[in-house]
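One chain, chain A, appears in both complexes that follow, with chain B as partner in the first and chain C in the second.
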Partner chain A sequence: MFFIKELTHTILMHPSYFGPRMLEIIEAKLHSDVQGTCTGQYGFIIAVLEIIDVGPGIVLPGNGQAEFKTRYKAIVFKPFKGEVLDGVVTNVLRAGFFVEVGPLRCFVSQQLVHPDMRFDANAAVPSFSSQDQVIEKDTKVRLKVVGTRVDQTEIFAIATIKEDHLGVID
Partner chain B sequence: MDLDERDVRMRAGNDYDEDEEEEPVRRKHMDDSDDEEEDEEEEEEELERDPRKAKRRRREQVVNPYIDVQALVDDDDADDDEEDEAEAGASFLGQRRHYQQQDDEEDDQDAERSVARARRLDRKRFEDMEISGEELAKRLREKYARNDQMVEELASVPQRMLMPSVNDPNLWQVKVKPGRERDIVLSLYRKTLDLELKGNPLQIISAFERTSIPGYIYVESRSKEAVISACSNLVGIFRRDPILVPIGEMAPLLQLKQKEFTLQPGAWVRLKRGKYQGDLAQVMDVTDTGEEAGIRFLPRIDLTPREFEGGDGSAKRKRAVAATVGRPPARPFNPEEVLKVYGKKTTIRRGPSWIFNGDTYTNGFLEKDVRVSALVTENVQPRLDELSAFLGDGKDGEKAAGGDGALNLASLAAEIRRPIMVALQPGDQVEVYQGEQIGTRGIVDSVLGDIVTIRGEGLELEGKMTIEVPARHVRKRFSPGDHVKVMAGVNTDETGMVLSVNGDLVTFMSDLTESEITVFSKDLRTAAEVGSSSNVVGNYELHDLVQLDMQTVGVIYRTERDSFRVLDQHGQTRLVQPHQITMRKDSRRAVSTDAEGNELRVGDNVKEVDGEVRCFACSIQPFETDMNRTDVVWCYIFIKRFTPFCIIARFPKMAESLSLDVVRSLLLHQRARRSSPQWI
Partner chain C sequence: MTTRLGRRTHLEEEDAATLKLGAEFNNAGCLLISEVKILLKEKEGKPGVDSPVFNKTVEYVNMFSKFSTEDTIGLVRATLRRQANLTQFETAQLANLCPSTAEEAKSIIPSLAKYDDDELQPLLDELQSMRRFQD
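For the complex of A and B:
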């Protein structure tokens, strides 16, 4: 699920950047620092919307760097158990297939695929196929998150397509 | 008209007889019969319309006694009447004219027709009988099928709903002559039958005895007097007032003993009696009845017999009495020594086995078929020294018996470590899968020794928040998506997310290896932390290039609990213990040459110029697994010095992720990352 969240980020600024364009640099640094990262608590930080407050730059005694505690608003994406998402298949194995939902990597085990869908070992491209549907690389699927594993820098999810209205979407 | 009337009368007479008996059946059948027949019949009926109509009205009353098919007859008749009336206007005249034209012929044919009708009737009767039989069978089938379902449904009803209450008959304990319990119950049974036939039934409901409680039988009845009168004049029953069994004790009295633990080949047992009392033995096979088991254990052969007993009965018995005191040590059977002591005639070689004194010895073990009752099967905790004797043989045994999986070290190790009781912690989700509370789910509230208190779902209804059950009746419950950690077994410390649960088998996907692992739910625990403790075993780490021996190097591609999976330069994987690794090689700065003699370093982009022409970057390698060619797993590339590779300098973008055969080399290796390939 996507949220707009107010977050803070601490930026250390080398004295060589102190000057008239300092705010721009801080902004750029903030974008490059946080966009695309993942925190366990809030999920993936998709994009910084606006900087609320750069904060007073406090020069650290001893090394001359300035510390800015920046408050900003960002769009975050955090997957939840039971959430239904759309994604693109990236890799198909006998044991199941991997789906990318934006930055989130999901695994759909063959046990969480409808029994009609079988791994097709003979096909040119590894795929799961049933009478009327084929799941191979780059297929778009709708899936439901069964569980998430939140690491320090990554969120990984296990998903199912073994329910109504889930599976290949056209 | 004369003819007509006579004909009608005659027919009516015929019909009357038939119809009285057969009408219901016939009518019923007529509906089913095909149109042709119906037409014929109707044609005939047209003739006799008027007289018959009146008659039929009369007959309906007569027919009434056929209770079973009453409704059917009424309906049919009503239908027929309607049909008749509807048709009357349309076809009456035409039919009539038609009939009169064929008057003479009809007269002749009539007799034939009535015979034919009689035959048809007979045939229909016969068919009807068959059909009703089939229907009966069908009905029975339906009945039983439904019963089956009922039984299935009942099976999941908690047994606590079936517990006796104050409204149920009481149970009375009656003292009888010990050893005669069963006979007395049987004679009570006969007495009950007898008196019931005489119209003076005993007021008792059931009687039974328990072999575990000698000297008593139990009689179920609503009154004490009934029990006393039932027991009077029976030999073997003591004249003493029957004792009322408290309601709480009724159910335990009827409880079956816990089903015997079935022996599995490979299981450990101890012998109960005789010279080998207390000795550890391993089950090799079990008979279908489960009463006898083939076991093997170390023999205790006296190699310094005081006098040679030629195997006659009395001596054997004497030896058996000697029992365990001063018995010879347990030692693998050594044919040479035995031959030396007992002489050549006593031992015969038969294939891989030796026969000595009627016993078979294979691989140094004494193999015997014994009754399971003579074995201790529960709580056998084999000691390491005892196991090592079997273990030492394990390898030979594997060779001999074609790799008996039950004997391998891993299972032995698991056997020793296996906790006797499921380790339950407060807060664990559990379900009861045995015993009276079967089907109950809940959360462990507290654990006190063997008793687990469960705060269950749906238990509030009874006004009771918790129930207590024996720990062995409980198993942990997981649902897909749970993050779990393995606490015991070969996969200890593995963590992952549950994919599916099947009984007490849980399949989860490992966080580290992204492979599916199936374990027993009792070995699992929900866990927040991720991954096995570390990728480091001993001094070696995941993705290290290691020297295995002078000729072989390999890369660790997976760490297990105390071993590595190593891919060597021949493209083969093997399981390696840390002590088997000679040294770690550092090849970060290694340089090789390509097919054109140019320098080749880590991170260079290369293209295969021979064979399948493929592109890849050295830095991050897709690795071919046996499963799937595009399966992107982290791995390494070994590049042989003179393999046909050449550098494509600063190649901007590679086509796509391609699989790569592992090429052989000692010179260069590259650490790859566990991620999908990103091409430069």
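For the complex of A and C:
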């Protein structure tokens, strides 16, 4: 699910940046620091929409750097267990297939695919197929997240299509 | 015993099926894929936004956005607001997935089970027709 979320980020500024263009530099630094990152708590931070407040900028005793506690609004994407999402298949293996839902990578194990759908080793491209459906690279599928794993820099999801109203979509 | 129970509720697992999104997201504003598309279009090409996460998201929202104009999105939001008890999450899921029958809606968004089919169906029909008749 995409959310609009208020977040904070602390920026340390070297005294050489203090001056008329300081706000611009803080803004640019905030964008480059947080956009495209991912944390377990907030999910993927896709884009900063607006900066609400950069804070007073308190000079740290001892080294002269100023600390700005910025507050900003951002578009974030976080997957939840039990959520149904649409995605695109990127890679099909015997053990299952990978689906990309925007920045999120999901894996659907062959055990979580309907038993009618079999891995087809003889096809030109690796695929899962039943009589009327084929899952191969670039197929759009609707899936349900059954679990997520959070790494330092990425969230990874395990998903199923073995329920009603899930599977290939057009 | 009470402390153990207390700890368990504290560590309660996030589960979209029962609308438990965790402390950070329970009251956060949900965005429709179509809204993300419009917001990101304004950002595209600006310095500092060009990351793999951003590009993949742009690609994704362009592919799965169901409603194309701000006007239609406004209408969709207004329609879903009429069913006053829908949470943000349910609203966004309905508009993102556009289920065609009440049974399908309840199956892919389990928290909708509390509504009657007769309540949901007109809402879903309206969403479908808005999707069909947008330019």
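Remarks
Here is the rule we use: the second predicted complex is superposed on the first by the 170 of 170 C-alpha atoms of A that agree within 3 Å, B and C clash if a C-alpha of one lies under 4 Å from a C-alpha of the other, contacts with A are read in each partner's own complex, and residues count from 1 in each chain.
The definition used in the following text is that contacts are C-beta pairs under 8 Å (C-beta built on N, C-alpha and C of every residue); 3 or more make two chains touch, one makes a residue touch a chain.
This is a predicted model, so every value here is computed, not measured.
Applying the stated clash criterion after superposition on chain A shows that chain B and chain C can sit side by side. With both structures placed on the common chain, the touch criterion links A:T160 to chain B but leaves chain C unconnected. By the touch criterion defined above, A:L23 lies against neither chain B nor chain C after alignment on the C-alpha atoms of chain A. Of the two partner chains placed by the overlay, neither chain B nor chain C lies in contact with A:V59. Between chain B and chain C, C contacts the larger number of chain A residues.
Shared-chain residue A:L12: touches no atom of chain B or chain C. When both complexes are overlaid on chain A, the residue A:Q111 reaches chain B alone and has no touch with chain C. Once the two complexes are overlaid on the shared chain, A:T90 sits against chain B while remaining clear of chain C.
Of the two partner chains placed by superposition, only chain B is touched by A:V146; chain C is not.
Residue contacts after overlaying the shared chain place A:P126 against chain B, while chain C stays out of touching range. By the touch criterion defined above, A:K81 lies against chain B and chain C together after alignment on the C-alpha atoms of chain A. After superposing the two complexes on chain A, the closest approach between C-alpha atoms of chain B and chain C comes to 9 Å. Note: residues 81, 145 of chain A belong to the chain B contact set and to the chain C contact set alike, using the contact criterion stated above. Remark: chain A residues 1-5, 28, 31-32, 35-38, 41-42, 44-47, 49, 75, 77-78, 80-84, 86-88, 100-103, 140, 142, 144-145, 163-166 touch chain C in the complex.
Of all residues in chain C, only 13-18, 21, 24-25, 28-33, 35-36, 39-40, 43, 47-49, 51-54, 56-57, 59-61, 63-64, 89, 92-93, 96-97, 99, 104, 107-110 touch chain A in the complex they form.
If you check the complex, the residues on chain B that touch chain A are 480-483, 497-500, 507, 509, 511, 514-516, 530, 627-628, 630-632, 676. Here chain A touches chain B in the complex through residues 81, 90-95, 107, 109, 111-112, 126, 137, 145-147, 149, 151, 156, 158, 160, going by the rule given at the top.
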